[in-house]
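Below you will find the structure I want to go over with you.
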């Protein structure tokens, strides 16, 4: 987005894990980062484990992995991680006493709602992570609508204040899509600015809904990344102005620049 | 050697670690191998860990590693391991609850002394491993001369019965080379057959000594191995009859077939 | 049990071994008859045979690299006569068809080898290893379309048996070589052989391998193999044997999707002697749930 | 501080970046002035510039492989004009000499690029990326000795600046190409570029990468790079920049022992943005205790 980014210390630094918490299908890792700046909500870090990064399924992971910051307090960074492959699996194994290697904060963060608009947070799955820190920064009152696959995933909802939850299988909260909750909200009052993060299909539904109703939205996207700092040109996503490097110009993008929020190769 | 080898079950099997013991600079790993046959002294196994084989220093280990059997009792196999690189390092990390993957027993074992000759065991460093099981099989009485770098390594001497120890730094036992102890022995009585295993330079000294005195010797050699069962042709050592695959025709060789026991690329 | 047809040879499944990565005679000594009862490959490819016996390269011959290895084995073998006398009778007993891999340093040498094996009914097919220089032209036979065509023109008439040309990956345009081989009468193509690599002794700084350089194999080369198989598949329409870094049914499926008919396992057998059977089973399971067709 | 001389350019240490693997302008946005204060490379090589702007390949552009990655970036860049207007002034501020990497699809395009940069004193040297086909001949410029010679004959007279030819590893005989480049006036050679590789989407079975195939880099290719650097070093006597999978001072030392004068770091910078500095320090420490001379 347009705000001045918080820049990262140059280099990769080691950060001691201070806590590992299980939240249903997710793990929250906390690490101490005394040398790093306070990140902006929506910024991300490239993470790897200090040992045994490599040698997993098919000899991977090799490259670091991108993670939104979930929270940053008391010189600690929190990350929300879903085990979906060799890199996230390895990170989920880490415990206090282990070290992370990290580069960041990287990319752009969310910016305050436009004049006269109230924030509305819409998250799907592990995409709730950047909304947690953003809700904090907005004063803890911003309404949050969160969608999950099932109860195991919905356990992550406790990470935000007073969320309304939807699950695909109806096991928790509304039985259906989070965008249904969002439509309800917009029907009641559409003087909002939407902040959304989640799987590509959800983000695309949010984008379309907002576009149709002329509601501004800031979307935190994902795409496959190798470096996270603009070096590889690997993370491009299509926008109305051509392909842009998501790690540099994003991950938070104004929905208006997107024709679609579906990025080839992103998501599971 | 000439004896009929004990054949391995076809395939790689998983074996639960039952004990991890530290002996100074060495680790003894025990694993249960209910499906495997009782190996011959001098035979070896190709070992890897069931998890995290790979991803170590420089993304290695990739190939399994060869280890002489140290002892085989009660359907358990014992191995003596010295951490010298990424593969041995990973194996030394294993604890009860972890699994080994193993193929074996492989190669040829020691054979009984020729008529009228008493066995004399000569080991250097981690090369004492095959002598321990051989001493057991010979009835526990065969004299053993063992050489080590220092006290930390000499801690391995307890694995044999009544050994005479030499150390390079004189910290334990005789200050000097194990071949000096051996010369002493041969001077006293050379109606022996020597069984030796150790670093190339030591084996070569043993070979020369025996050749000079017409004492028969069975040497357990080392060379870099990829497969251990004759598939890769990688482990060849020079003999009077040309290059032979050590994993198939050895690792125990009659000293008479060797012009030298120094194998290019073996040892540390 | 359904069988599949490869150049007229009936195979029980699509997994075979890469030449030089499994010695069935040695494995029989190590594992006994269980090897024959549970033979891991649908066909057995023997290690490269040359006209004269070869000792191979001096040790060390092996070096481990990230996700793979380098070998400088140097094609040790008993030579044609030794092979015919000692190995062929034993390999004929295997419960799988025999493919003999041969190499010559001149076209005439290859011709002699092909003629000799053509006469042996124990041999189901011949694989030509063309990853060596033709000493008469100085060109690597398999790196140059004209070289490979001239070779096949010489040897194709000498046998009715399937002639598989094993391509080298160290070529500017593997597809062009493949297409020349097809036009000159190759029955099938196999790829990839190892990539040229080197390692230095960390202590001395001089080359580690007795052969100075060697061939890289294993997972490290898998993506390169896949690209070459796909390129060759698009340039030809004869059967293909894909190989290079295969460790799982998933890797085998990838090669099949890229155009391979059979898949060969090499380095992975060093880690697990029954890798062939495991990969065949994993592949069969995947094929039940997936269409192996190329989707582009 | 001692400096070393590379084609008349004074460098503080032998570690530079591989073209296309570090964007100093982007890194300045991400890391601020600390990047300039602790610039990791002794010279900065910019990403390949073409005559016209290019968007590059559609995503996805990345795939992870055992001990490495494949990219199908597709050389996105602003084109000559955009580069001169926007990037050159900023890159000229870097605390390291600037090497501009250029590529053309015809010899005339390369000539135009060389002429344009030859006039700019901010540019210390030019690197020619010859890993693409000459659209007029259909041959990959860097895979064929005659092609590379013809290219250099055309562009060598156009500039006094050092011309570094970046060789492609996807060639039958890299040493022959290298030697042709030297004879036709190359000032130095750099290698290796990425190896052609492919990946399939595990779900659909169709190619994962937007560019269908891509280039393999990282530790997986290190042994191949070492063999090629050694072969080129034996065939030429101009300065060499070695690269391919370098992650440590040890890897850099290996390339130097194989004949490289400078070592470039590519993929490792993605894992650690200051990898260049770390590797330079590790190498310096090793060089204090080891003779880097070739011992064979």
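Chains here go by letter, A, B, C and D, matching the order in which they are written, and residues are numbered from 1 within each.
Heads up, the rule we're going with is that a residue touches a chain if its C-beta (ideal position, glycine included) is under 8 Å from a C-beta of that chain, and two chains touch if they have at least 3 such contacts.
The structure presented is a predicted model; accordingly, all values stated were derived computationally and were not measured.
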Which of B-D and A-D has more C-beta pairs touching across its chains: A-D
Cα-centroid distance, chain B relative to chain D, in whole angstrom: 48
Separation of mean Cα positions, chain D and chain C [Å, integer]: 34
Distance between chain centroids, defined by C-alpha means - chain B, chain C (Å): 34
Overlap residues in chain D, where contacts from two or more other chains coincide: 63, 65-68, 219
Touching two or more other chains - residue numbers and ranges from chain A: 54, 58-59
Arrangement of touching chains [line / ring / star / complete / other]: complete
List of chain C residues in touch with chain B within their complex: 20-23, 25-27, 29-32, 34-35, 37-38, 47, 55-56, 58-62, 64-69, 71, 73, 76, 208, 210, 218, 267, 269-274
In the complex with chain B, residue positions of chain D that touch it: 67, 219, 247-248
Touching residues (chain side chain B, partner chain A) in the complex: 52-56, 59
Touch list for chain B against partner chain C, complex: 5, 7-12, 48, 54, 58-64, 101, 103, 106, 223-238, 242-243, 245, 248, 263-266
Of all residues in chain B, those that touch chain D in their complex: 58-59
